[in-house]
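Naming follows writing order (A, B, C and D), and every chain is counted from residue 1.
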Amino acid sequence: MLNEIIFLLCASLTLAGAVAAMMLRNLVHCALCAAGAFAGLAALYLQLDAQFVGLAQLLIYVGAIAILIVFTIMLTRGDEVRPGASIASPLWWVGLPVGALVLACLVGAIMASPSLLRLPAGAVHAPVRKIGEALMNRYVMPLQAVGLLLTAALLGAVAIGLREPRDAESKTQ
Amino acid sequence: MSRLDQIFVLTGHWLAGWAPAALRPLASAVLAIACIMAVFATCFALTTLAERKLLGRMQNRFGPNRVGPCGLFQPVADGVKMLIKEDIVPFSADKTLHFLAPIVLTVPIWLAFAVLPFGRNMTAIDLDGGILFFFAIGSASELAVFMAGWSSQNKYSVVGAMRAIAQMISYEVPLVLSTVPVLMLAGSLSLNDIVAAQGTYAFGWLARWNVFTPWGLAGLFLFLIAATAESNRSPFDLPEGESEIIAGYLTEYSGFKYALFFLGEYVGLFAGAGLGVTLFLGGWHAPVKGLEWAPSWLWFGVKFAALIFLFIWARATLPRLRLDQLLNFAWRFMVPLSLVNLLVAAAWYWTGAWPFGGAAPIRWVLCAGLFIFPYHWLGRALRGPLPPPRKYSYAE
Amino acid sequence: MNGAGIIKGMIETARNLAGSYHDKERLTTVQYPEETLPPVENARTIPFLVYDGGDAAAGLRCTACTICEKECPPQCIYIVKDMAKKPDYLGKMQLHPKVFDIDIAVCMSCGICVEVCPFDAIKMDQVFELSTDDRFGGLLWGIKQLAKPNEYFQKLHRTEASEIDARREQDRRKTQAAAAAKAAVPAPAANLPPPANKGAAA
Amino acid sequence: MTTPLANYLIVAALLFSVGLAGALARRNAVLVLIGLELMLNAANLNFIAFWRFGPHAERLAGLMFVIFSIAVAAAEVAVGLALVIAVYRHRRTAQLDRLDSLKG
């Protein structure tokens, strides 16, 4: 009972945040609502006994990605949507049906499989130590790859975001 | 000894025992929450007073000494003043966010206390990933600061918020990195395990606190500097630099909301100090063997107070940094040094297995040297070449 | 070594912290209501009226000449003359004020009244705790509040008061000597009577 | 634990469709990125739910996938937002429908 209430709360926070993030006019509001959706997802993970992942989600999504998005929004101001102008892309009428179609397919598939209505077997314990050991043994190659990817992404982001030299800038303008 | 040591735990059990069996976990949770909030709110009140008195004395003035004996009721007077002030919301402000920001800032910071071990068996929730929880919860404050600054629709607020976020993100890296050696050597993310790992004695009398190792000492200072910056305190208080940007993201806040921000700042500082005590200063363990008779929570309190004193002392002494100095310091000094500290911790770990006796001092010196050289050269590089002698054109 | 300056600074503040508790010299703050700084001789706030002797009504030096009233830039002085004359310190019959009011809310402490007074009757006071809850009556001072004895003047502006007292004593002696010479032309000058304001002359 | 697996899957499906519809329908590049993030998160929720309800929870496969997915998402956002800023610097806009030229 309590569990279901918590699930409903987290799920509604997540979905409301996601819908608001995609619908609101003000970009900063969108970013903050997305942060709310990420936090709700973290709560869902925690409710599913995935403590490490839930906390990592909170740390990375709310603490880093949301901030990054907010920073980008602040840095790309100046082309605010004029009041009255559309916030949707010209092809929005394609996007919505596609979304609805995907939703229908997924929900149909979920509803069609009765085995998915089952309850979990028992308590699951995923201590940090076990996760660490798994990362260092079985998943060590993916871990290295992710490390490489993050380094590359860091360098790439810096290289892209770096202000170009003066002459190059004047040439492009 | 154990009776006094466990007095809060036993009292808590006894009080929760009055509740019906079904509600007992809830009752003990509420008790723990009430205790933590009461203790740290009192601590907040006393710290504001102690800070002002100490700042005064360190600058050769009296601090507040008018309200009550020795100014002891000054926090009450301040609180009453804050509460009865008019709560002004700017006309063009984003009302919802303006209202939400102090709440979003304050609530997670209180949550961070849930995982700190305040004494033997005195952890509210012994989370498996306690320190991860601590940092995850703490990361919400950056968004809150942004909300406060942006919703005020005031350029000083936005500038202050942007400064604060840049600073908090930059210093979060060394903050987390400086704790990693501790986690590595304790082999756990749980704060209880980390405290337990510091509970034995070296040479039969000296506690094995992390601060007594080279990487622990360096880590403590890196951690304290990063925590100071993280909680926007002097000398890193330039998000609120009055002389440049009024009060930063607090400009448009008054009354109770301002008090909440103020509270959040101090409680964040307490959480940082508590974590510092837990990670580096042995948590609630006594420093030497003969002193275990004192209750564990008292040891925690003493170390906690010492760290708070250190923060106040630094605030009284050091002038505010410039923004570029601040960020250079974070990225060109703190981050490399905390990475070096990881290496030092690894070296310490490997030299721990040295076979010959009397290796401890050699090991210490070796690891300290491993840290000191990068420290020296990074500091040199940060300082850059000396500026040329100043030329006076008009003052001959 | 990096950070040496920080440690030096920290030691300095720690010394201040310890020093401020045993070395009172370090604390420059004067805790005002309990302790006050000794008044500076040249300090001035609002004017007061000087009187000689023990009785304010009899010894008031003011002769209601109204020069100060006319000169006062913010015009905060209000004088009504009392036509009944009485002798001044030289025995000369002079007018004296029936009403002498100063609106101390308006007074701007310029001291022009003091400069223009030919009788040394109005001088600058050093009181400053003048706040009151009655902003009309409480800030309009009459003779009762304004009149202060010469001893008080002596205490405030020692140098100036002594000069003035010496001059007045000299004047008085001169007048008395002249009067005595006139009155007792046949008889030689007798012993002078003791000066009226002995304390002031000291 | 009384909530059945299907509930989590439906939440994830809703989240995915919201993200997809948003990514397709909004003009602003940052919001498209947010939509992508929501879709990734929906997939993560599925992984966690299947891990939790699956028969071999002790093998941690679902958890591991989510951990790597979060790391990859962080990298993606960093590069994506840097791209948005770079584009904005050239074209003074982050509205995707106005970025219709191949020339820089």
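To be clear about the criterion, a contact is a pair of C-beta atoms (placed from the backbone, for glycine too) under 8 Å apart; a residue touches a chain by one contact, two chains touch by 3 or more.
Computed from a predicted structure; not experimentally measured.
S.K.: On a CA-centroid basis, which chain has its centre farthest from subunit A's?
M.R.: Most distant chain from subunit A: C.
S.K.: Between subunit B and subunit C, what is the separation of their C-alpha centroids in Å?
M.R.: 59
S.K.: Find the geometric centre of each of subunit A and subunit D from their Cα atoms only, then give the gap between the two centres in Å, rounded to an integer.
M.R.: Once rounded, the distance between the two centres reads 5 Å.
S.K.: When the C-alpha atoms of subunit A and subunit B are each averaged to a single point, how far apart are the two points in Å?
M.R.: The computed centroid separation for subunit A versus subunit B comes out at 29 Å.
S.K.: How many Å are there between the centre of subunit C and the centre of subunit D, using C-alpha atoms for each centre?
M.R.: Measuring from centre to centre gives 84 Å for this pair.
S.K.: Looking at which chains touch, is this a line, ring, star, complete or other?
M.R.: line
S.K.: Judged by the touch rule stated earlier, which pairs of chains are there in contact?
M.R.: Every touching chain pair, ordered by label, is A-B, A-D, B-C.
S.K.: In their shared complex, at which residues does subunit B touch subunit A?
M.R.: Counting only subunit B, the residues touching subunit A are 97, 127-129, 132-133, 135-140, 142-143, 146-147, 150, 158, 162, 165, 169, 172, 187-190.
S.K.: Once bound in the complex, which stretches of subunit B touch subunit C?
M.R.: Spelled out, the residues of subunit B in touch with subunit C are 54, 57-62, 313-314, 316-318, 375-376, 379-380, 383.
S.K.: Show me the residue ranges of subunit A that touch subunit D in the complex, using the header's touch definition.
M.R.: Those residues of subunit A that touch subunit D are 1, 3-4, 7, 11, 14-15, 18-19, 21-23, 27, 30-31, 34, 37-38, 41, 44-45, 48-50, 52-53, 56-57, 60-61, 64-65, 68-69, 71-73, 75-76, 78-79, 81, 86-92, 94-96, 98-100, 102-103, 106-107, 110-111, 116-121, 124, 126, 130-131, 134-135, 139, 142, 146, 149-150, 152-154, 156-158, 160-161, 163, 172.
S.K.: Quick one: in the complex, what on subunit C touches subunit B?
M.R.: It is residues 1-3, 6, 9-10, 12-14, 16-17, 19-21, 26-29, 31 of subunit C that touch subunit B.
S.K.: Which residues of subunit D touch subunit A once you look at their complex with the stated criterion?
M.R.: Touch list, subunit D to subunit A: 1-11, 13-28, 30-31, 33-35, 37-38, 41, 44-45, 48-49, 51-53, 55, 57-58, 60, 63-64, 66-68, 70-79, 81-86, 88-90, 92-97, 104.
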